[in-house]
Amino acid sequence: MIAGRDTLPGDNVLATVHRVWPRRTAIGGLVASAGGLLLFGPRPSDDVPAGRVILDYWEKWTGAEGEAMRLLVDEFNRTQDTIYVRYLAINSIDQKAMIAIAGGSPPDVIGLWNFNVPSYAEAGALLPLDDLAASAGLSRERYADAVWPLLTHEGRQWSMISTCGSLALYLNLDVLESAGIDPASTPRTLDDLDEMNERIIERSSDGKLERMGFLHTEPGWWSWIWGYHFGGSLLDSTGAPTADAPKNVAAYEWVRSYPERFGSRELLAFQSGLGFYGTAQYPFLTGKVASVVQGPWMANLINAFAPSLRYRAVPIPVDVGELDAAAPVGLIDGDVLVIPKGAKHPEASFEFITWLQERARLERLAAAHGKNTPLRETSTGFVENHSNGSIAVHNALASSPRAFVFPRTSVWPRYVSEFDAAFQGLWLGEQTPRAMLSGIQQTMVREIAKERGGRRRREQSAS
Amino acid sequence: MTTRRPGTVINLLWVTPWLVGLVLFFLLPMGMSFYYSLTDYSMLEVPLWIAFDNYAALFGDSVFWLAVRNTLIYAAISIPLAAIVSLGIAGLLDTDHPVSHVVRVLVFAPTVVPLVAAAMIWLWLFNSDHGLINAGLSWVGVNGPNWLQERGWAMAALIVMSLWSVGQAVVIYLAALQDVPSALVDAASIDGLGPVRRFVSVVLPTIAPAVVFNTIIQTITAWQVFATPYIMTEGGPDRSTYFYSHYLYDQAFLFQNMGYASALGWVQLLLITACIAVPYVMVRKFGGGP
Amino acid sequence: MSRRSRVPRWTSLARVSVLIAIAVTFAMPLVWMLATSAQTEDLAMSPGLALLPDPPTSLPGQAHDNYKSVLTDETVNFPLFFRNTLIVVLLGVSGAMISSTIAAYGLARVRIPGRRLILLLTIATMLIPFPVLMAPLFMLYAKIDWIGTFLPLYAQFWFGNAFSIFLMHQFFRALPPELEEAARLDGCSTWRTFTHIALPLSKTALAVVGLLHFTYMWNDFLAPLVFIVDRDMFTVALGLQLYQSRAGQTPWTLLMAASVLTILPVFLVFVLANQLFTRGSISGGVKG
């Protein structure tokens, strides 16, 4: 009762020829090519010049964005001879950085998400940059008003900026025109937006939605911003959550009006037919959704796939009671550079970061990413040569007194996670805005209390 | 059959390297992770001892219970499905016909295809407008749901997707089926036993060790499901496909609660052990288990 | 010895149609990958399934462009990643096979005190989620200065691999004991019995263990992500990541071409190993 084999006496010779030799040649070929690759294949380039301080810079960008930074890093390495920056760019860099910090061998510079700063700072994992920044002349006045809060937490500065982007409403002017709307008009209030939507909506002969003017879930990357456009906020000045404040409830009542009016099922069906971001089928490009909430990088997509599209970016509309044309409301998102505590050459790290903070270089990076400038002042030509025709709008948003950033609490990732999940429930018609927001509020009150309790416990045990 | 010589020390040499590896690469890190589970630890600063607070907090954590429930449902359906499908496909492919060889490669292929590619094809398949599945359903007059965006249907879609990965189990079954002596199978059929009785009385006892192996692995895989839902549904809609490993990952790296995540990891270990112990006890009768 | 005519009942309609259904279902990701890797971006991203480009004759040309682009990309050095992965995987698989087979035989056939416990412990290690192990493992490797080398990716397998040990253990248990007992009675040591009797009978099992571990290591992305700190040491799994941009544009056709190149070696290994677990093909076995 062993490995079975069905054979005919005498079938072995032929079988050997037919079975064994092709297999042997295949194995031989495989071994040969593997050997060839191992022996003669490409080697890692060992071009780290001797005698320099070596810095490890980990960044989260891949693709074209990662490349833009790599060019700058290469230039830095070329144009001076005391420091060499080793650039490592991969997704999930925050995960990797956390493990490296925990393991006691952090890199020298990390490109973090802006929402990482509070938790990293509170944990004491970052080097405070106040003194270094002051002596390098990188003061608050250099930066756009809305950018500065991204760099600081609880009164100290923990990071410098690499890129930032403000959110605006992109309008597909071709679609607007075809619906009889003056392409020069600007929806300023959410009522304007609703009205624009009504005029643009098209349905197929069997009642299915074919085209919409606006849809919260397209792209739906920022489910939590709507309260701000009603004058509300998610965190008060003491750091306590305010998710269920009346203005937020009003905001999500407005959000819910869409699935209520058009039907959750119908909207889901419409959504599932829409293409992905980063492709030519993105609904804004194909005209299926006439306006989207996006950052300035949107222009890169338009230029790549629909260069003849006429578009314009305007500040995202606000509730009618909040209208103030001089102070548009918009989220400022940003990527920051930090020096982890335990970095071996903090001065060299900061020298590299300072080099990047040069206006020309930040603008070059911003232009390559398709983003607006994080600085207060703009060089001549930045706006004119920018790939985004509406970049001036994005720049203005970054300087607006009502620009806002993510709620600066170390439990922000949890807050977003709760919001995203609850928003889906709201969109499916499964809960009311009030219930959704008070659910989030309860969870976040608990989480923030836990966080604070933990921090207190640490301070006590340290003393 | 075992050696007659007791010679314990020499016998231990067989497993000494593995024991060293076990300790170094598993027991040590596991010990550290158990320690972390008793601390408040974000990875960004030193751990702070809090004893069993994390475990106590688990009980009151509604998201934890939600994750357990989702994973339990997923496991309860996908494990038996995978077991039956993998064994069935292996049985069908247990011949030396060129077509069989081609289909074997195809069945194994999805386990190798990078998830990013597989995700695209599934998104297309499950698309409610022009996806193949709903197109097929509409031919028989059924209005297909919006698979990935509706509660319940998203879970169903993920379970269907899990069947794509049976290739590994199929390969193991094919190897095990090789040892089934065709003479005995033929004798059984001559004796008048139908295909099912032949399978149960002749084939199954021979491949019992492989069945034990695959069932255990499929159980572990189901309980640890992470990558596919992470990409396809991101745990949605409204956390209806939020599985245990996803919550663990979020706690560790997103919410920066590695201590709590470690506690979650240990509880998961207990849950999976319980899940394996039941069939193990049942399969003991076949004598193929450890 | 009469030949049993193993006419596979291919004429059976049910069997054929089930096989076709299986073939089509499982082939879909593969076919889509291959098709997309030879298309232009426009065609690849258009809704619906477009397998052939508009003038089908442009397929070879576009495929050549895409693959050439991947192989000669200055920033994503795929041939280098290939080489790195080859080194790591060959070292890892050979180590795993040697160490796991020995340990498995010990647990299956040698009277070791506490072997049942050891086996249970072995299985238990597979129950620990990797994110929980990642940080302590990284700290361990950092302490012994292995970060920055390939060692964290393959060294542990030279001690053993739980999956492989468990699998080989099951295969060894299934071997009929008579041959080994006969060898022992003839005076063979346990080791000789292992090398001269058990191993030759286990070619199939070894092929399976080797194949599965090769596949696992080749596509593993988490371990390289955590332990590799130098872009020049990336594996292909990490290299694929480089094509995916979050807010930018992912060049899907290039990503698919890179994916096809990535899985090619695994396919080759499978096709070769497949010979060994086919009923009726020449494989290690002795009619007893």
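Per-chain numbering from 1; labels A, B and C assigned in written order.
Just so it is clear, a residue touches a chain if its C-beta (ideal position, glycine included) is under 8 Å from a C-beta of that chain, and two chains touch if they have at least 3 such contacts.
As the structure is a prediction and not an experimental result, all values here were calculated from the model.
**Q** With respect to inter-chain C-beta contacts, which pair, B-C or A-C, contains the greater number?
**A** Most contacts of the two pairs: B-C.
**Q** Let me spell it out: compute each chain's centre from its C-alpha atoms, then which one is farthest from chain C's centre?
**A** A
**Q** How far is the middle of chain A from the middle of chain B, if each middle is the mean of its Cα atoms, in Å?
**A** 33
**Q** If you average the Cα atoms of chain B and of chain C to get two centres, how far apart are those centres in Å?
**A** It comes to 16 Å between the two C-alpha centres.
**Q** Using CA atom averages as chain centres, what separation in Å is found between chain A and chain C?
**A** A distance of 34 Å separates the two centres.
**Q** Among the residues of chain B, which are close enough to touch at least two other chains?
**A** Those would be 43, 130, 178-179, 182-183, 206, 253, 258.
**Q** Two or more other chains touching the same residue: where does that happen in chain C?
**A** 4, 6, 47, 135, 139, 204, 244, 252, 271, 279-281, 283
**Q** Name the residues of chain A that each touch 2 or more other chains.
**A** Chain A, residues with two or more chain partners: 1-4, 6, 95, 98-99, 102, 273.
**Q** Can you list the chain B residues touching chain C in their complex?
**A** For chain B paired with chain C, touching residues are 1-6, 8, 11-12, 14-15, 17-22, 24-26, 28-30, 32-33, 36, 43, 89, 92, 94-97, 99-114, 116-118, 120-121, 124-125, 130, 132, 164, 167-168, 171-172, 174-179, 182-183, 186, 206-210, 212-213, 216-217, 220, 224, 245, 248-249, 252-253, 258, 261-262, 265, 268-269, 272-273, 276, 288, 290.
**Q** Enumerate the contact residues on chain A facing chain B in the complex.
**A** Going through chain A, the ones touching chain B are 1-4, 6, 94-95, 98-99, 101-102, 119-120, 123-125, 265, 268-269, 271-273, 410-411, 413-414, 417, 420-422, 424-425, 428, 430, 454, 457-458, 461.
**Q** Can you tell me which positions in chain A touch chain C when the two form their complex?
**A** 1-9, 15-16, 19-20, 23, 26-27, 30, 34, 37-38, 41-45, 56, 61-67, 70, 86-92, 95-96, 98-100, 102-105, 107, 273, 275-281, 295, 297, 300-301, 304
**Q** Note which residues of chain C are touching chain B in the complex, please.
**A** Against chain B, chain C makes touches at 4, 6, 8, 10, 15, 18-19, 22-23, 25-30, 32-33, 36, 47-49, 99-100, 102-103, 105-107, 109-113, 115-116, 118-129, 131-133, 135-137, 139-140, 156, 158-160, 162-163, 165-167, 169-171, 173-174, 177, 180-181, 184, 190, 204-205, 207-208, 211-212, 215, 218-219, 237, 240, 244, 252, 255-256, 259, 262-263, 266-267, 270-271, 274, 276-281, 283.
**Q** Within the complex, which stretch of chain C touches chain A?
**A** 1, 3-4, 6, 41-42, 45-47, 75, 77, 79-80, 82-83, 86-87, 90, 134-135, 138-139, 141-142, 147, 176, 179, 201, 204, 225-226, 229-233, 238, 241-252, 268-269, 271-272, 275, 279-288
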